Every structure is written in structure tokens, then in C-alpha cells.
Amino acid sequence: MDFSKLLEGNTWGILMKGLWVTLEVAVIAIILSFIIGIVLGILRYSKLPVLSQLATLYIEIVRNIPLLVVIFFAFNTLLDKLDSLVMIVIFGMTVFTSALIAEIVRSGLNSVPIGQIEAARAQGMSYIQTLIHIILPQALKRMIPPLVGQFVTLIKDTSLAAAITLPELLHEAKLIYSNPSYVNATIPILLLVAVIYFVVNYSLSLLSRQLEKKLAG
Amino acid sequence: MRLKKWAIVALSIVTAVSLAACSSDKGTATDAKGVGFKEKIEKRGKFIAGVKFDSNLFGFKDPADQTVKGFEVDLMKEFTKRTFGDVNMLELKEVTSKTREKMLTSGEIDVIAATMTITPKRKETADFSRVYFLAGQALLVKKGSPIKDVKDLNGKQVGTAKGAVSGKNLKAINKDAVVKEYSNYAEAFQALRSGIIDAVTTDDGILAGMAKQDPNYEVIGNRFSKEPYGVAVDKKNKDLLEAMNKFLDATMQDGTYNQLYKKWFGQDAPKDLPKDAVLELQPGVEG
Amino acid sequence: MNWDFGFIQEYRTEFIDGFFLTLKVSMAALILSLIIGTIIAIFRISSNKALRAFGTSYVEFFRNTPLMVQVFFFYFGLASIGYKLTEFWIGALALSIYTAAFIAEIIRAGIQTVPHGQTEAARASGLSFLQTMFYVVLPQAFKLVIPPMCNQFINLVKNSSILSVIAAQDILYVGEQAIAEYDPFSVEIFVAALYLIITIPLSQGVNLLERRWAKQGTR
């Protein structure tokens, strides 16, 4: 094991570039997943005929398939339609994560007591009005911690895209230790990569806890 | 009310995504008819070559200066310089044995120059240039290993890369070898060095690159296949294929090819490189 | 679209073996992660400061780093210090160490929902901390944690696909071999379907349980 290699050459610079790609992909994917996930979650909750069932089908199928399979699927069948490797990964992650967020949204919606909804309806509010003014504001508040959790998961899962050579953090690390003079530094480099992921994700988790406290208070 | 807007935005994204997924091509097919690849690439300002980033000697990313180097990289640089007059027009994208064909047919890259053996099956999906390197499949083992030849691989674990022909070749010659396919050769070598597997099998050129990384390992045994490498070009780009062939012939005549060969492999290039060849499993090794 | 399921014939035995490898590695990892997770959960709520710190660090570290990095770390790390395990056991180990961090949190949440009064009463009647845990708290906690636990098992099955990168011959690994020669779309559909055969019954079971328990709760 050779820890000195970590300080040599551009190891740190290369890893930081990789981290940047990781964060870029994760941020775009979480935003898209959030938007699509909210729509899917509301559709499933809504009990609108057909649409509700379709949303349920989508959610149940997608969240029960490994993300790696979704990514390979996108790579092998959509590369000629989407423009780049980054797009493929964002697409795969959005398809997958939106189903998980839809479930977060649904359980957030379900957590609003039925009494409140009945009261709102009794006062003459329409279904949509009740949804927008009564249910969603409360549900969104409860959804924040699991959403941050999902974002952390996304950052971790971006490492799966190393398998299709997306130049994210883990992939760049692998390219470093594939090199002649760095083979002895494999374990130190993997450790460093783990620490980088940890620092980013743990900070996010702490942030989420702070938010949670603020919202509860 | 803001939520209503969100819902509209989200719905339009869903529609856009599904529409994008349904419309079938990026228009490359229509371009190819009228405009030649040269104008197309000059207009784009980039010639994109798919090369290995993890194969010593052929294409590897050097952490010291973050550039990609190797024999195939140099060939592509020379091609770009001669064809477009500016080496900076070359963009290198990483491919692995697993991803390269998909990257080419989808138009992500213009050519593959990534230790790619010409096989009849691969000729169905892409066109190949003339042969620019002749490799043979061999074994890499730790020095002093009891494995001396393919015959000794019964029940042994042998690593190679996904999407490569090496695993199938080996199985055809010794069906009792246990083949393990990794994402790339670097990982297979890593597994060998960690003692997880007993040998790595692929083309001798790649193996020589690994043996150079770590002198505790050596390439052994007879070459049990003939693996001619060609530059792969999408079937739509016949004119690019022609230009690549002309370029390779020219460099072989004016000595540039030999000079690059010597730079990376430390010896003169073979004089009898065939123009046209496909993968051959060497008979007679079996016995 | 040209469907082509010819690969199923050629890779039939490989797919069957791959399917069972995925199942077996997930089961092994489930058992291991339940054990590790329970221990870590007890550490997390123990009155010993050092144990608590260890438990917290374990949970925070492992759930905030990618499983893929951990898999590579164990794969190359264990071998380099002389421990030779098969891909199966390295995979099971990495999966369970990772999953244990999540399971520990589920168990801890379960334990903490058991009213404090019960624990105190048990301790007052002379049970030791461990006895209280095993006879009073854990049996109740386990019931509360079954749905999230099932979800973790589903995650385990899905996450086990990562082992294909260290050449464990699971469903995805075989699928990738088939893709090299056959229509990718058909192969991917088939691979996804094999995972769904395992995960859908589990997730439907969780949904059913949750619905039933929700009804009981409102009664």
C-alpha cells in the first residue's frame, strides 16, 4: 500500500473533476425526478381512473428493478436517441428515482389526516382546491427529509455509471489506479474516494436534520 | 397556484422525453447522403475518436498530466493532423470493449481505435479499416506460476473483459477454464495482482502493457489466436473509411507508422502486416 | 422493433444459475446484515459512550458512501492482505456491511417506539439491560420494523446486481454476456423481468401488510 501516491501528480485534481461530474448529474437528476415524481405521486394518490393505475404500474415496475439494469437498458437502447453518456445516465437515474419520489409524495399525502380533508370538502372546496391548499403544503413539509435522503442516494448511485465510463468520481479513481505507477495505491485511492463521498453526503444529511428541526419547531 | 405551473412544466417534460424517445434518429442518416464526412466534421469542429483510457501502450490516461497517451492515440492524432490540418480538432472519448460498438453506431464517436479485433460478426455492424496491428491471444500470469500453457488452465480462474472475444476463444480451446469477465482489462489485471484469479487472457499487446506495469508478471505460452486490429467506422461513413485506409497506407510507407510503433513497443513494426484479415483461432494448440 | 429471444435458449443454464446466485447472495446478505444491524442498533442506544460512538460512526460512514466503492474496496482489499474469498462471499459481505447500516436504523427506530415505561418496568423487576432488550423490547420492535425490513430485502436483491462488476455470475452478468450477441432490448427486458420475479411478490407483500396494519390502527 502506497499512500504517498495520493499527494503525487494530479490525483486530487482528477478526483475533484470527477466529483463535479457526479454532483452535476445528481443535481439535474434529482430536480427532474422531483418534478416527475410529484406528478406520478399525485396521480397514484388521486384515484383517477386509468391514470392512477398507469402511475401505479410505472412506480411498481421501476422501483423493483435494479438501477444498474435501468442504466444499462438506457445505454444499450437509447444512446442513439439521447445525445451523450451524461444524458443517458441522467435519463436512467430520473426514470428510477422519480418512481421512488412518487412513493415519498404518496406517503406524504397519505399522512394528512382524513378529517382535515373532509372538513375542507364540507366547506365547499373542490378536490383540486383541497389538494393544493390543504394537503400539499403539509405533505411537502414532511417530504423534505426523505427527499434529501433520496438526493444522497442519487449521489452514491452515480458511481454505478462508472460501468459505462461516465467520468464521475469513482470512474476517474479507477482510471488513476489502472496506471503503471499507481497500481500500489489502489486501496488508498479507494479509501480517499470513500471519504470524499462521505464528507459530501454526511454534510447533506446534517443539513437535512437541521431543516427537519426547523420545520418541526 | 404555483403548483399548477409545476404540474404543467413536469407534464411537458414527460411528453418531451417520451417524444424524444419515439422520434427515431438524430438526422445523421440524412446528413450522410449529401455531405461528406470531412465537411461535416469541419463544421462540427471536432473529430471524435473512441480509444481506451486504461490500456497501457495503446491508450491510457496519465494521471501526471491528465492526458491520454498510447500507440492508438498517436495514430489518431496523426490522422487528424493530416486530414484536417489541426491536431486540436481531435477529441478522445473513452470506450471499453463493452461500450465501443454502441458508442459508434449511435454516433457518439466517429471511429473506434481501441484494440478492436476484426471479426466476421463485428463486420456486420461496422466497417473496418486495413489491419494496423496484429495481436495474438496469450496468457498473463505471475512469474513462477505453475501455469505454462492453455492446457494448464483446467479449473483455473481466468479474467478478461466484457464484450471482448477473448473469453469465448479461451473456452473454445479449453472448456475447463473458468472465465471471469470484468468491466475492463485494468480491473482484470487488478484481480490477478490481488490473487483473486490465476491468469488474465487477451491480446498479447495489451498483456505486454500490463507486464510492463509490474515486472512480477509475464506473458506466457503460444499465441492461440490471430487478432488483427482495425479502425472501426460506422457503415454510413464510407468516405471516412476510405480516408482512414489511405492514411494508414501512407504512414506505413513514409515511416511514420514504424516510428510510432517503435516509440511504444520498443521494436520495429512487422513488415508483413496483412491488409485484410479476421480473427483466427490457431488450430493445433489444443493438443 | 425486432424481438429476438433466441438468447434464452443459448444461455438457459447460465440464466438459471444466475437467478439462483442473485437469490442466494441476497439471502446470505440478509441474514448477515440482520445480525450486524441488530448489534449496531444495540450499540447505538447503549448507555456506553464508546459503543454509542462506534455505532453512530458505523451507520453514518457506511450509508453515506456508495456500495460500489465498498465492493471494490473489499474485493481488492481483502485479497491484498491475504484473505481469498470467492466473489459470492465478498459480495455477500460487502452487501451486508452496507445494508446493516440501514437495518440498524430501522431497528433503532423500532426500539425507540417501545414506550420507555415498559423498559423501566422491566429493569425495575430485575431484568438486565440485555434481558430487557431480548424479552421486552426486541419482540415488539421487530413487529414494527417488518415492512421497512422487507423493503431493505428488496433493496438487497436490487443492489446485488452490483456484484456483476466483480464478475460474480448473477442475472445481470449473464445478461451482459447475452447482449454482446443478441438484441439488447429483448435481453434487457428479460433481465428486468427476472429481477421482478423476485422483487414484485416482496413489494406486494409489504403493501398488503401496510394496508392491513393501517386499518387495524384506525380501528
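Order as written gives the chain letters A, B and C; numbering starts at 1 within each chain.
In the analysis below, a contact is a pair of C-beta atoms (placed from the backbone, for glycine too) under 8 Å apart; a residue touches a chain by one contact, two chains touch by 3 or more.
Predicted, not measured: the structure shown is a model, and the values here were computed from it.
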Centre-most chain, if every chain is reduced to its averaged C-alpha atoms: A
Farthest chain (mean CA position) relative to chain A: B
Contact-richer chain pair (by C-beta pairs counted) among A-B and B-C: A-B
Chain centre separation in whole Å, for chain C relative to chain A (CA means): 19
Cα-centroid distance, chain A relative to chain B, in whole angstrom: 33
Interchain centroid distance [CA atoms averaged], chain B/chain C, Å: 37
Junction residues of chain A - those touching two or more other chains: 76, 162-163, 174, 186
Sequence positions of chain C contacting 2 or more other chains: 76, 80, 165, 176, 184
Junction residues of chain B - those touching two or more other chains: 98, 102, 183, 187, 190
Interfacial residue positions of chain B with respect to chain A in the complex: 1, 3-4, 6-7, 9-11, 13-14, 17, 20-21, 23-26, 53-54, 56, 60-66, 94-96, 98-99, 102-103, 105-108, 183-184, 186-187, 189-190, 193, 212-214
Contacting residues of chain A [partner chain B, same complex]: 9-11, 13-14, 32, 35-36, 38-39, 42, 75-76, 78-85, 91, 132, 136, 162-165, 167, 174-180, 182-183, 186
Chain A contact footprint on chain C (complex, rising order): 60-61, 64-70, 72-73, 76-77, 80, 154, 157-162, 164-165, 172, 175-176, 179, 184-185, 187-188, 191-192, 195-196, 199-200, 203
Chain C-facing residues of chain A, complex: 1, 60-61, 63-69, 72-73, 76-77, 152, 156-160, 162-163, 170, 174, 186-187, 190-191, 193-194, 197-198, 201-202, 205
Chain C partner contacts - residues on chain B that touch it in the complex: 98, 102, 121, 159, 162-163, 180-183, 187, 190-191, 194-196
